[in-house]
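Both complexes below contain chain A, partnered by chain B and then by chain C.
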Partner chain A sequence: MKKILSNKKAITLFVCPTILIMLVIVVVPIFISAYYSMLDWDGLGKGTFVGLRNYMELAGDERFVNSIKNSLLYVFFSLFIQLPISLLLAIVVANVKRGEKFYRTTYFIPVIISGVVIGQLWQKIYNGDYGLLNALLGSLHLEHLQQDWLGQESTALIAAFIPNLWQYVGYHMLIMYAGIKSISPEIYEAATIDGANSRQIAFKVTIPLLKPVLEVCVTFSLIGALKIFDLIYVLTGGGPFFTTEVPTIYMYKTIFDSFHYGYGSAISIFIILECFVFTMLLKLFFRNKEEQV
Partner chain B sequence: MKNRMKKLVVLLAATSMVVQLAGCGGGTGSAPADEAKADTPAATQETEAEAPAKADDTAAASEEEITITIWHQSVADTDPVKKIIEESVTEYHELHPNVTIEQDGVTGEQYKTKIKTAFAAGEAPDISYMFSGGSFVKPYIDAGYLLPIDDYLSPDTKSKVLPGTLDGCTFDGKVYTLPTITFLANLYCNTEMFDAAGAKIPTNWDELLDAVEKLNAAGYTPILMGEKDRWPGMYWYDIISARTASNAAIMEAFGDPAKFNSEGFIMGAQKLQELVKANAFNDNMMSMSYDEMIEGFAAGQGAMVFQANWVHPAFQADTAATKGKVTCVPFPVIADGAGSITEFSGGSSDGYYINANCEHPKEAVEYLEYLSEKIGIVGYQQGAGLPCWDTTGVDTSSLTPLDTESAALMETGTSYISWWDNILSAEDSETYKDLVAQVMALKITPEEFAEQMSKLQPSEFY
Partner chain C sequence: MRTMKHIKSGALHICLLAIAVIQVFPLFWLLGFSLKDNNEIFGGNIAGLPQNWRFSNYASAFNQANVLQYLLNSILVTAATILITIVLAATAAYAIQRMIWKGRNIAMKGILVGMMVPIHAVLLPLFIVLSKIKLLNTYWALIIPYVAFGLPLAVYLFSSFMVSIPREMEEAAAIDGCNIYKLFFRVMLPLIRPAIATVSIFTFISSWNELMFAVTFINKQEYKTLTVGIMSMVGAYTTKWGEIGAGLMIATVPTVAIYLLLSDQVQNSLVAGAVKG
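This part shows the complex of A and B:
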């Protein structure tokens, strides 16, 4: 066995299929999209090559800039609201005395439900006429707070973000929970003997040891936030008046509603580059930290 | 082991060659036809190349097992066309045992995505539904994806189609599809609510405002609007501008959009805002979808809705609160406007188009003739729309009063304009729908609206 694995030819042979599949279904389409993004094309007939014109137009497109702002805002919420909640839950669930399994499963349930179903669910919660949220406010005698959550510009964006944040809290919680569980109990014992209270244990022991896991969560959360599409599409479709539009939705609309395949491809290339750059930045950030330590 | 490997390789090579041969089949087949008929349009060449081949052994060909695929967007249970297509599959198979029809449907907005992707990927069905008007189907025709069917149409079929209805199926002088049923937008009023509020079914703008006031006072939502999808609002501006500017002026403006920046169109936007300011629409119109609007009206949540006659089955379903309590009237006239009450929104027909790469164009057209007529006549009988086919001798006893009312309205019509998103190009349609939504949210003034509209591209499908 060892012999085979040290044979370069054998390695190439075994790795080949995966690399090929990756190339064909991931890398090649990216390059094709990059080519499409330089066309003025309706997606059906023949396109004309326009070079970087689509990208230049993107830079001056207010709707596009606005959609990026929205998605960055969502990144902020994901990193600074969603992840801390997940972390808190993970620590609590890992230390809970009874019903650990029950809590773990409960928090994970939203993750396994499809985004479209969650969208429909929250649509009913937010509904201005018969929605649960307004009904709740009504029963608390807060009628003046009742409103059409998804229909007005002031609340639509936040209202569209909340289900997304809620859905993936359980996902990150589970990853962190697994990380916490893999920390050796002896370390905790030592900390307890040294007289640390549970808050000190959390901040001085658990979180520092969880760093590699947190790094994964931050990356997932960031990329997920930049690519967010389905829930917002179901909840508001990017409306009212583009207030909830993120780049993915704008891309979908340009390609399939406005028939601008080239321009839409330029947006998709932007999203890919954006994800790439942010991941690199994160890596750099974490590496710097490591060096400091 | 080695032997087996060899066999496998040979087998693989053989299959790949067969696949390649099959792939080349179409191309080589069309070569002789090129020489024989150099001046036939590109799209028909391939099919004609196959036609003689079939004639040689007609007996065998007619017994050949053929599968024809059709995609459509009739998936709602309240849409009678859904049932018609489903029934046609079994019925047609009984009539032509060698032909099997495979149908598949997804709902409207998703259908637009699906059909576009399928054509681009070369995986489109033999027959596909296309939205009425012209701007939706035009890019597909320009790209050579669709087959002109003049050569296959029987004279018998042409004689059964009502005069003029083939015009909408003709592009650059060639017929591409057959009409089915035509739609007309009307104002639907819940008579029970109007009676309870002491309001009069409006015939002019002042009466409409008066009705809005009375309905509001009685605690009803005067008009339901599902503006989340944006096109329900578009229908309102479509018809209001037909009243303020007249259909003739709209047609001129489509040809020369600079004319959108004129008094009639500004007034149209003013009138729409007047309704908004009078609290005529539901508060949550920006988050209500089209489906919720229709279900809401059928459940008695609002007193008026302006929609096309495809809503009849939903409003008259046994479970609907509005069953027997709905009347339809032409949109109220506006006193200072240039339009009259006989100008309508609608009047065009959806159609089913044949893929240029269809392997059995003759059979596909035969099925198209059968299906289009069936939708035209049975669809009419079930209240889905008004027929584009000769209905002499057709049993109309199943028509409800609402169907008869809307059919009578259509007969009073002097001019029709299809929904604007079927006339404007895909991009301009989006712009227009967004603009109307902004007018309704009072985000832009009527003047700004007209100014923006004047920047659209000229269109040819009116």
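This part shows the complex of A and C:
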């Protein structure tokens, strides 16, 4: 058995393709990106090496700072609006007596649909002239609220976030729901015997025990918000006047529309570092919390 | 007391149902306008059922707007991605989980780190490399990156599934004289069928829906997948809501159908992906 399992040729044959493809497609390109980010390069000929100048320019680039503000606002929405809704739904659905599976299955449907479809669909929902939202407002006699939701600066950013919140509420709900279902029923019995009501059970029993699951959701939601691309690309492309632009969109446009390869790569490296730093901060945050408990 | 309880649970169900409607109604509305023509939509019937069911929207999406081609491309790219991911990930997971060699822990950790890399980080270098080796505008320009970014999670899922499989079956087969390849293909592969389903579903949804690579690496009609294809269709048909709606429906129906058939399994796959991702 041991001899069979130490077959060097088989090991090489089994592992190498995976390692190789990951090296070539995932690992090496990161270093290439880091190198590009130090070039002044329009994609033609050879770039000139400029060191950290692109990064210095980024720090003073108002459009870039604005895109970060937008994405942080979106992070805020995800963490403090989307996740609480998901948590509430998870607790309620896990305790509902009938229709549990129906609710779970329905809430999850938007998750599996492509960002392109969601974006196109919501563009039509928001359409100023023929959109579903304005039609709905009209039938409620709220004509004064009808407006071009995505076309004007005052509402575009919020309007661009909502479809994503809508899409992933069911996702986080399901992760939390699975976590709640894995809590042993005896704990709930004990709490009920001790006279806890359902609100106390939620706050004192369920939520503390869900902490590892919540950490997953918070990380996922935060990183997802920082990386959001598809939906905004399809919905608004970052407009009007950059009001909905996030760093990923700015990066994409800088590289593929204005051909500033070096500058765009600096943005992409910034996005990686940003995701990495936030992940580490969250780990620290949750570890500290665990020690306090 | 009892009536209070009934009222309370009734109200709760009404809220939950209302949320269910919010989650699903936009899709029904999409189905609705995919069957209308512009006269109807712009003439005031925005939310209601179509007066004439215009299935011709689908015919023209399929024929004139190339959606049939996009659909076939999506199927081909997704199927190839799933197949290659499963073969590579299952063999790698087997070698790391079961076989004896130095460096297997490092290999595993290295593969898992790949899960943290956002695709933005590699977009431009891949674009340049693919254009240099003349792979832009081919199926491989999508399949290879999709496989690479799908592998970490797939390897993780396979190897955590293999941990729970007892070694007796392989030992018995080894005594019967099976070599390592037979151990893997005849003994292990059938045992990890549930994990194969999970990985397939996960890979299916992520590559079917992917946009950023697809829109960057493909601009020829013949190779566009549904996501890019629909983007260009929208550009060309800006005002024809019916045809666009039909295109969106065609892109959505396969995923929703699979979901409705295997809802528990799809949910589990995506949750499993999150918990490690």
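The rule we apply is simple: the second predicted complex is superposed on the first by the 268 of 293 C-alpha atoms of A that agree within 3 Å, B and C clash if a C-alpha of one lies under 4 Å from a C-alpha of the other, contacts with A are read in each partner's own complex, and residues count from 1 in each chain.
Note that contacts are C-beta pairs under 8 Å (C-beta built on N, C-alpha and C of every residue); 3 or more make two chains touch, one makes a residue touch a chain.
Values in this document were obtained by computation on a predicted structure and should not be read as measured data.
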- Message: Taking the superposition on A as described, I'd like to know which of chain B and chain C A:L142 touches: first, second, both or neither.
- Response: neither
- Message: Is A:I21 touching anything from chain B or chain C once the two structures are fitted on A? First, second, both or neither.
- Response: second
- Task: Return first, second, both or neither, reflecting whether A:I32 touches chain B, chain C, both chains, or no partner chain.
- Result: second
- Partner with the higher number of touched chain A residues, chain C or chain B: C
- After superposition on the shared chain, which partner residues are touched by A:T236: those of chain B (first), chain C (second), both, or neither? first
- Task: Mind working out whether A:W122 is in touch with chain B, chain C, both or neither, as first, second, both or neither?
- Result: second
- Task: Give one of first, second, both or neither to describe whether A:F256 is in contact with chain B, with chain C, with both, or with none.
- Result: both
- Task: For A:I187, select first, second, both or neither according to whether it touches chain B, chain C, the two together, or no partner.
- Result: neither
- Query: For A:L44, is the partner it touches chain B (first), chain C (second), both, or none of the two (neither)?
  - Reply: first
- Query: After lining up the shared chain so the two structures overlap, which partner does A:G151 touch, if you call chain B first and chain C second: first, second, both or neither?
  - Reply: first
- Item | Those residues of chain A which chain B touches in one complex and chain C touches in the other | 129, 256
- Contact footprint of chain A on chain B as seen in their complex: 112-113, 116, 119-120, 139-140, 142-145, 228-230, 282-288, 301, 425-427, 429-430, 434, 437-438, 441, 443
- Task: Give every residue of chain A touching chain B within the complex, in rising order.
- Result: 42-46, 126-129, 148-152, 236-237, 239-241, 253, 256-260
- Task: Provide the residue numbers of chain A that touch chain C in the complex, in ascending order.
- Result: 1-2, 4-8, 10-11, 13-15, 17-19, 21-22, 24-30, 32-33, 36, 89, 92-93, 96-99, 102-117, 120-122, 124-125, 129-132, 135-136, 139, 166, 169-171, 174-175, 178, 216-217, 220, 223, 227, 229-230, 233-234, 248, 251-252, 255-256, 261, 264-265, 268-269, 271-272, 275-276, 279
- Task: State the interface residues of chain C toward chain A in the complex, per the touch definition above.
- Result: 9, 12-13, 16, 19-20, 22-24, 26-27, 29-30, 33, 41-42, 46-47, 88-89, 91-92, 94-96, 98-101, 107, 110-111, 114, 116-118, 120-126, 129, 144-145, 147-149, 151-152, 155, 170-171, 174, 179-181, 183-184, 205, 208-209, 211-212, 216, 226-227, 230-231, 234, 241, 244-245, 248, 251-252, 255-256, 259, 263, 266-267, 270-271, 274-275, 277
